[in-house]
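Going by the order they are written in, the chains are A, B and C; count residues from 1 in each one.
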Amino acid sequence: MKEPTPSFFKAVFAIAHKDLAAEFRSRELLSAMLVFSMLVILIFNFALELDVKVRQSVTAGVLWTTFAFAGTLGLNRSMAVEKDRGCMDGLLLAPVDRSAIFFGKAISNLAFMLVVEAIVIPLYAMLYNETRIFQWEFLGVLLLGSIGYISVGTLLSAMSVQTRTRDVLLPILLFPVAVPVLLASVKASGGIVAGLPFEEILAPLNLLIVYDVIFLATSFMIFDYVVEE
Amino acid sequence: MIEVKKLIKRFGLKTILKGLDFTVQPGEFVALLGPNGAGKTTFLRILASLSRPSLGSVKVAGYSLPNESAKVRARLGVVSHMPLLYPDLTAEENLQFYARMYGLQNQASRITEVLGMVGLEARRKDLVRTFSRGMQQRLAIGRAIIHDPEVVLFDEPYTGLDQDASEMLDEVLRSVAAKGRTVVMTSHDLARAEDLATRFDVLTRGVIVSSGSREDFKNSNLLDFYKKALEA
Amino acid sequence: MQSKPMALTILDVLSIIGIGVATYFALVYAPTEAVMGNVQRVFYFHVGTAWVGLVGFVVAAVSGIVYLVTKDMRWDRFEVAAVEVSTMFFFITIVLGSIWARPAWNTWWTWDPRLTTAAVTELIYIAYFMLRAGIEEPEKRARFGAVYALLGGLSAPITFMVIRLFRTIHPVVVGTASAEAQGGFDMSGDMLTSMFVSLGAFTILFVSLMWHRIRLGGLEEKVEELKLKVSM
C-alpha cells in the first residue's frame, strides 16, 4: 500500500484552487457580490448626495461599507457550499491539519473580496472622477483591511453555518468584532484620499497591522475548535 | 482492523452510545443495523474521526482515535448519504481535489483508474451538477477510495436512490469499494445488507445487542434475526 | 437538591450593605462638585458598574480559553454568568453615563472612544447570546460561545485604540488641565474615598451575582437531566 504524503501547503493550495475553479465556472458568488456592491454605491450616491465636497470626506467610508457588506455575502456563501453537501466532512476527513482548511478557505475568500475591490474601485473612480484612490498606499490599506476582515470572517462563517439562524447570524457576529479593522481602514484610506502626509496615517495603519496579526494568529489557532465535534 | 472498547458518546446530557464494544477483523464486511436514533450514524462518525469519543478506546487500522487521527484518516474512506462532491467541478476535478488533499503520487493515472472502476470514464469532463443521484453516489465511492484505504465506512449509501441506481451501486460497492478492504456499513435496507455483508450487528439503545454471520441464520433469515435482536 | 451555601448568603447581605453604604457615600458624604453640581454624583456608580462590567468581560474571555483547553462544562457556566452579569452592568454604565453627559456635554450621547467602545462591546455580547440561542447542542454551544467570547475580548481594546484616533471628549478621570476643559474635574480626597467605596461595593455585588448565576446554570442542567430521566 502506498503511503500518502499530504503536505500542509499542498492542501491549502488544493482548497483555494478548487474554490477558485468552481467560482470561475459558475461566477455565482462574484456576480452576487458585484451587483450588490453597485447597488450599495447607488444608494449611497443618493442618500449622501455625493457631490464633490462631500465625496472627499466620505469616499473611504462608502467604499469600506460596500466591501464589508459584499464581503459577508461571499463569506456566507463560500462556507454554505461546504456545509450543505457535506463537503466540510470531506475536508475534515483528509489527513491534514485542520488549520489548512482555514487557510485554504481564507485565501479563496480573500481572492473573491480582492476581485470585487479590483472592479468596484476603478468603477467608483470613473463615476466620481476620483483618481486619488489609485495610490499604492490606498491599495496597501485595502489589502491589509481585507486580510483582517476575511480572517475573522472565515472563522465566524464556519461557526455561523453550523447554527439554526445561519443566514442572519454572520453579519451580527462579524461586524462588532470587525469594527476595529473597518474603522482603521476608513481612517487610513480616508487620510490618503485627503492627501495627508504619511505620518498622519501611520497610527491607523499600525493598528490595522496589529489587528491582522492578532486575528490571523488567533483564527489559525482556534479554527480546530470550530469544526470538531 | 477496528477495535472499539467501552465506547461512550454523550451529546450534552444525552448519552447516545453506552459502553459499546465492537471488533472487526481484516476483510470483514459488517452491516450495522438498528432503528432510527440508535446511534448508528454517531458511531460511524466516531470511527471516521469526525466526532470525538467521550470515553472509551477506539482503534482503527492499528491507530487510536482521536490522538492519531491523521494516520487513521489516511487509511480510511467514507461514503455517506451526502455525496461530499462539489457540483460546480467536473468529476475529474473533484477527484483531483481529493487526490491533492491526500497527497497522492501519480494523481492523473490514479484518477483515470478510479473513474474506470466506477464506470464514469465517459463523463469525466462533465460537471457533477449534471449527474444523476446514482452517478453522484458512484463518484462518491470513487472519491472515498481514491487513496486506496484499508477501511471503508458506508453510512446509508442507498438513501434517495431508485431500484436501478441501487442495483448499480451494489455492483460498485461489491467490486470496487469492498474488495480487499474492511467495511462497516449502516443501512435500513435489510435485503441489500443481507446480500453484501458477511456479518450483521444490531445496534440499539446505545450498544450492540446481537451479532451474527450468515451461517448462523441457517433456516431463518436476516429479518427474523433482526426482529429477535430488537425484542431481546 | 443542594441548598444555598452559607458563604453566598453572607455575600448577599454584604452586597446589600455595600450598595447602601456606597449610596450614602455618593449622595451624602462626597462633596458637591463645584462646576457640574449634584449630577456629578452619578459618577461614583458609573465608575463602579463600568469597572465590574470590564472585569466580567475579561473573566469571560479567560474562562472561554480555559473551557477550550479543559472542556469542562463548569467553565462554560462561569463564562455565561460573567457575560450575562457584565452585559447588565455595562448597560447600566451606559445609561448612567448618558444621564451625566446630558448636563455636562449638553447631549445624551456622543461618539467618543469610551462610549463607542462601550456600545460596540455591548453589541458583541448581545451577538454572543444570539449565537448561543442558535445552537441546540450544549457542548457545541459552549465551544462556540468560548471562541466568540475570546474574539470579543481581543477586539474590544483594539476598538478603543482605533476610535481614539477619531476623537475624544470623555474626561480622563483624574483630571489634567486639558481634561478639565472637556468636563473633567479634580477629585478631592472625599471624592476618591467615595469612588473606592463604590468600586468595592460593586465588586462584592458582582461576585455575588456571578455566584448566583453559576448556581442557576448548575440547577438548569440538573432540571434538564431530570427531564431526560422522566422521558426515558
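Descriptive notes on the structure:
Please note the rule applied: contacts are C-beta pairs under 8 Å (C-beta built on N, C-alpha and C of every residue); 3 or more make two chains touch, one makes a residue touch a chain.
Since the structure is predicted, the reported quantities are computational estimates derived from the model, not experimental observations.
If you sketch which chains touch which, every chain touches every other chain without exception.
Farthest chain from chain C, judged by C-alpha centroids: B.
Comparing per-chain C-alpha centres with the mean over every protein C-alpha atom, the closest match is chain A. Between the Cα centres of chain B and chain C there is a gap of 51 Å. For this pair, chain A with chain C, the centres built from the Cα atoms lie 32 Å apart. Between the Cα centres of chain A and chain B there is a gap of 37 Å. Residues of chain A in contact with two or more other chains: 228-229. Chain C meets chain B in the complex at residues 137-139, 221, 224-225, 228. The touching residues of chain A, counted against chain B in their complex, run 1-7, 10-11, 13-15, 17-18, 21-23, 25-26, 81, 85-87, 89-97, 228-229. On the chain A side of its complex with chain C, the touching residues are 152, 155-156, 159-160, 162-166, 169, 172-173, 175-180, 183-184, 187, 203-204, 207, 210-211, 214-215, 218, 222, 225-226, 228-229. Residues of chain B that touch chain C in their complex: 10-14. Per the touch definition, chain B reaches chain A in the complex via residues 45, 48-52, 70-71, 73-74, 76, 78, 80, 82-89, 93, 97-98, 100-105, 127, 143, 147-148, 150.
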